[in-house]
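Structures for review follow.
In the two complexes below, subunit A is the common chain; its partner is subunit B in one and subunit C in the other.
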Partner chain A sequence: MEILIGGILLGGTYALLAMGLQLQYGVARIMNLANGEVLVAGSFGAFWFFTAAQVNPVLAIIILAPAAYVLNWLIYRFLLQPLVKRSKTQGHLEVDSILSTFGISFIFIGLLHTIFGGEYFNYEYLEIPYEVFGEAYGINRIIAFIGAVVIAAGLFLWLSKTRSGLKLRAVSVDPASARLVGIDVDKASAMAFSLGGAVTAAGGALISMFDTFDASIGVVFTMKALIIVILGGVKEIKGTIVAAFVLGLAETAVATLIDPGLTLAAAFLLFILVLLFRPQGLFGREAS
Partner chain B sequence: MTTREVRNFIIVIMLFVLVALIPLGGSGYWLSIGVTIATYMVLSTSWALFSGPTHYISLATGAFYGIGMFVVGGGIEVLPYWSLVLIAGCIGAVLAALIGLATLRLSGVYFVIFTLGLAEFVRQIVTWIQTTMGTSSGLYVLTDLNDTIIYWELLALGAIVYLVGWWINRSRLGFALRIIGNDEVVAVHSGINTAYAKVILFVFSGTVATIVGALLAPRLSYIESNIAFSPMLSFIVVITALLGGAQKLWGPIVGVIPFMLVWDFLSATFPNQTTLMLGICFLLIVYAIPNGFAGLIEKYVPKMQGRS
Partner chain C sequence: MLNSKFKKSLALVAAISTVAIFGSDLRAETIKIGTSAPKTGPLAGGAVVTHWPNVKLWAHDVNSRGGLKLKNGVRAKVKIIEYDDRTNPGEAIKNFNRLATQDKVDFMLAPYGTGFNLATAPIFNKLGYPQLTVSAITDKIPALTKRYPGIFFMLGSTSTFTSAVVNILKDMRSKGKIGNRVAMVNVADAFGIELANAARPIFKKAGFEIVYDKSYPLGAKDLSPVIKGAKASKPDAFIAWSYPPDTFGLTAQAKINKLNVKAFYTAVATCFPAYKGKFKGAAEGILGAGGIDPDTAEMKAYFKRHKEVTGKDADFWASAVTYASFQILEQAIEGVGSKDRKAVTAYIKDHEFKTVIGPVKYDNQNSARFWTVGQWQGNKFYGVSSEGRPGAKPIIDKPDW
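Showing the complex of A and B:
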């Protein structure tokens, strides 16, 4: 029971991160390996707001998410769009975008390291135990879970019900045909990329409420988000959400039953199994 | 062989002998940076043999290197050092074959992600084994091998890598790889077993990286998982190879030498900004010199010769 609830709480935040990456990879077709660093930047932002101005992290998201949106838009517009224009094939774009987002991620780490230093950070926000089925969980974890679910649900509704959401989904299915029906693909891609960044930064702020972080931890979150996206199937938002909970449960189970040092190893094992037995993801369709 | 090839071959051998004489100069600084350059020369060249033609970016170098170190560290009290280097090579080859078979059938992105996590995965497993078995986190490797001998060992390994690379470029395998790199669909339709070709090359480059780790273990003398599985190593290998140009056999070395000299100076002057600088290097390579120094040389040298 403890594993189940802990896993679900963790899975909620993971779902949010993976949706951010899904937008960037599924729509904008950029494999953004700096995703985890945007998350850590969000964590540091929340930390800074909380310690310097006593702003509660949930409110801080209202400022952090638009800031992350603008930052990611600038990154996309000035660093990644030239690569999209330059590349002839999807494979070529993948290699270029992987290398340049590695560069961006290192720059993020370097800047965060210079500003905040290399120590581990955490702050105490609502660390009051709350009992669920006889086991105590911090209220901060529960709030982070609720926050993640609210943002993820909002994003899901926006994507499936509104006209601009429909545009993004059209670009995700086929950019060339989307252009034919009068969708500005460049604009939609930039929007998806920036929105993905904003969602990720919000996730970072939520995670910072209950977890310790440091300047170089981003890559761990990038890995986890990528594993979830592949597990659920690229371009499958529903699959992503299920996969996020699978990963949350698997990690909590390994941390409780075997060793907390092996959480990434557990995620990785899951990844290997998917690659071996279902490379298109749990919910993905067979590639034609 | 044509006269031109014979001439080039003789020049290469003379350069090799000249480089091998560096330790006799007696300068500790040059020897130490020589070992670093030789290390990355071997790692980058073997990396480019696989990644250059196939365009699969491998970040597994650090994992293989760390495994090599730990094989030596774990067995040094039981077995002679030389046998451990061989065992490390075999373990690296088997592991690379397994990884290759599992991931190289899929698109490049999966492979990058997989190799990105691999070093951390192996590190967590090694740390976990050490804590559950109750051994200490570090291992001592005490031998009487000094920097000069390690340097020569690395040069010898480098020579082997070059010979194999030269042979591959002339063989059917190299031809197959170039077709795969240009268009995998075409390669499949011409009857090339693409998975087999990619796995063979990946096994070679993984084995070499493991052996390099095993060769360098005596230099560190104290091996700890955080140092052996440093994520920086894989990235520097990628950068130096791309900076030089991964398409040519001689490309990586053109990148390694200037990069390591500048890097050594910069990381000594700004020790806290190494990650930031690494990031800038990545962006510079992608935007300014996508084909590396080798690409620049190939583009401009014929022009200048044409003019004179």
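Showing the complex of A and C:
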């Protein structure tokens, strides 16, 4: 029981990390290495709202997420769209986007460093124990988990039930054919990228409630998000969400039953197994 | 006529000012000081508390009193040239090489972190610069000082560090406050592994039973299984050889899970102002690495100046020691009266220095007076255990969360 609840809570955290990257990589086809920095920017935003204006981190998302949307739209429009336009193949775009977003990540680190300095940041918000089946968990973690569920459900429903979501999925499956049926691929990609940024920043705000962060910690988040997205199958948000929870449960089980030192090993073992036996990811379709 | 007179006076003014500028340039020397430490990467959070503000403060202090006094009454202001090593040892070595060969600095400040000091020791040695390390805790001090004639240590060794913690627990046990059961965890990183390995035999020899002994990866996002496991082992004392992010994470989880022990120890960053800032009253009685005596007149003045000049609070351990290492360099340069690095190194070896942390004298390039364990009592983190430094406070029991 302890493993189940701990694992689900950790899975929620991982889902927050990875859903944004899935939208950016799966739909907009940008392998965004600055994803972790956007997340940390969201954390800093929440920190600033909480310490300077006493606004709680959940409310701060109402401002942070749209701000991140606009910022990411600008990044996409001016820094990434030229790459999309000139690249002839998906592989070409991937290499270009990795290089340019790697550069963008340094700009983010530099900006955060200049504004906030390089110290460790955290704040105390609802770090109160709450008992579930006789075991204590921080309320802030539970709130972050609920946030993850709300965002995941919202994205899933939107993508599968609405017309605009359908467009995004069409672009994700095949941008060239999507164009043929009258979908504005540029617009849909820009939207997916910006939405991914907004989700990531919201995740950062939620994670900041219980995590200690600093200006240059983003790469840690990017790496984890990458593993989860690839684990789940690049094209499916559902795969990313399931993969996040599988990873959370696996890590907690190993930490509780065997040794906390082996959680990383467990994560990578899972990763290797999936790559060996289902290279398209848990939910991915065979590459055409 | 008027025109030529004007020209003449203009020429005169120009000549005078040239002489003035040139002349003043001759008299006011500068001493170039190079420094490389992390501003980004995993160790940046520690370095921006402990290293960088002290570089700024020291340069400010030296220059505002007119600079360093050299021979023949010449005053030399210090000029700092700084690089970010991005928490990458290769980058650090490159930076020091560049500082010495391209920027041609007169002296270099030691980097931040044990691994970085060890990694850059050969380059300091090869280039002939003294290396006054601060944040370098290792059991290899005798071998290193033998190999590198310009390296100095002042924060202690791994085994004195762990013994100090064990001694505190022994003391608490003899007073009947705790029993024999110790839960010990460590971050799976060179620092944590070395300390845990050093601690195991010392605990056993002192008759303690290690009832929980686990490691966790650096950057682990969820430390609650670690604390839940430790709590299930019913310990009397909890010891974590931890790094900054996990020091915060473990404390938060211990609080949530109500891991109540009379002795609760987390290692690096427990002494940071941010730790107190986060946990506030709950930090009371928590033990951690380091400590100082914050109530001496020198330290009070240092804390005040640190806040005024850098806008930040100093930590309660290596901040002041870092500043002290700069003071030693400063006094040695003034003692020799020139930038002669060989003479300065020799001077450091056989003189005693007056610093903010008290007198420092290197014996075989190692200063044997340092603080090992501190404890939050009220708003300050007091040293409760030291080697050769007076003013240790008595230990209090940690109240329940």
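Heads up, the rule we're going with is that the second predicted complex is superposed on the first by the 272 of 288 C-alpha atoms of A that agree within 3 Å, B and C clash if a C-alpha of one lies under 4 Å from a C-alpha of the other, contacts with A are read in each partner's own complex, and residues count from 1 in each chain.
The rule is short, and it goes like this: contacts are C-beta pairs under 8 Å (C-beta built on N, C-alpha and C of every residue); 3 or more make two chains touch, one makes a residue touch a chain.
The structure presented is a predicted model; accordingly, all values stated were derived computationally and were not measured.
**Student:** Specify the outcome, clash or fit, for subunit B and subunit C once both structures are aligned onto subunit A.
**Tutor:** clash
**Student:** Please indicate which partner A:158 is in contact with in the superposed arrangement: first for subunit B, second for subunit C, both, or neither.
**Tutor:** neither
**Student:** After the superposition on A, what does A:271 contact: first (subunit B), second (subunit C), both or neither?
**Tutor:** In the superposed model, A:271 contacts subunit B only, not subunit C.
**Student:** Could you look at A:105 and tell me whether it touches subunit B, subunit C, both or neither (first, second, both, neither)?
**Tutor:** first
**Student:** Answer with first, second, both or neither: which of subunit B and subunit C does A:10 touch in the superposed model?
**Tutor:** Only subunit C is touched by A:10; subunit B is not.
**Student:** Regarding the shared-chain residue A:214, is it in contact with subunit B (first), subunit C (second), both, or neither?
**Tutor:** Once the two structures are laid over each other on A, A:214 reaches subunit C alone.
**Student:** With both complexes overlaid on chain A, does A:122 touch subunit B (first), subunit C (second), both or neither?
**Tutor:** The second partner, subunit C, only.
**Student:** Which holds for A:113: it touches subunit B only (first), subunit C only (second), both, or neither?
**Tutor:** both
**Student:** Go through the superposed model and pick first if A:259 touches only subunit B, second if only subunit C, both, or neither.
**Tutor:** Both partners, subunit B and subunit C.
**Student:** With chain A superposed, which of the segments 128-136, 182-190 or 380-388 in subunit C collides sterically with subunit B?
**Tutor:** Clashes occur only in 182-190.
**Student:** Which residues of subunit A are in contact with subunit B in one complex and with subunit C in the other?
**Tutor:** Common to the two interfaces on subunit A: residues 109, 113, 216, 220, 259, 261, 264.
**Student:** With touch defined as at the start, can you tell me which subunit A residues reach subunit B in the complex?
**Tutor:** 31, 33, 79, 82-83, 91, 94-96, 98-100, 102-111, 113-114, 216, 219-220, 223, 226-227, 230, 259, 261-262, 264-265, 267-268, 271-272, 275-276, 279
**Student:** Taking the touch rule as given, give the residues of subunit C at its contact with subunit A in the complex, in rising order.
**Tutor:** Interface residues on subunit C, with respect to subunit A: 38-42, 44-45, 47-49, 52, 185, 188, 214-217, 219-226, 228-229, 244-245, 248-249, 252-253, 255-258, 269, 272, 274, 278-280, 312.
**Student:** Which residues, counting only subunit A, touch subunit C once they are in their complex?
**Tutor:** These residues of subunit A touch subunit C: 2, 6, 9-10, 13-14, 109, 113, 117-124, 127-129, 135-138, 210-217, 220, 224, 251-252, 255-256, 259-261, 263-264.
**Student:** Can you list the subunit B residues touching subunit A in their complex?
**Tutor:** 55, 57, 102-103, 105-110, 112-114, 116-118, 120-121, 124-125, 127-128, 131-132, 231, 235, 238, 242, 272-283, 285-287, 290
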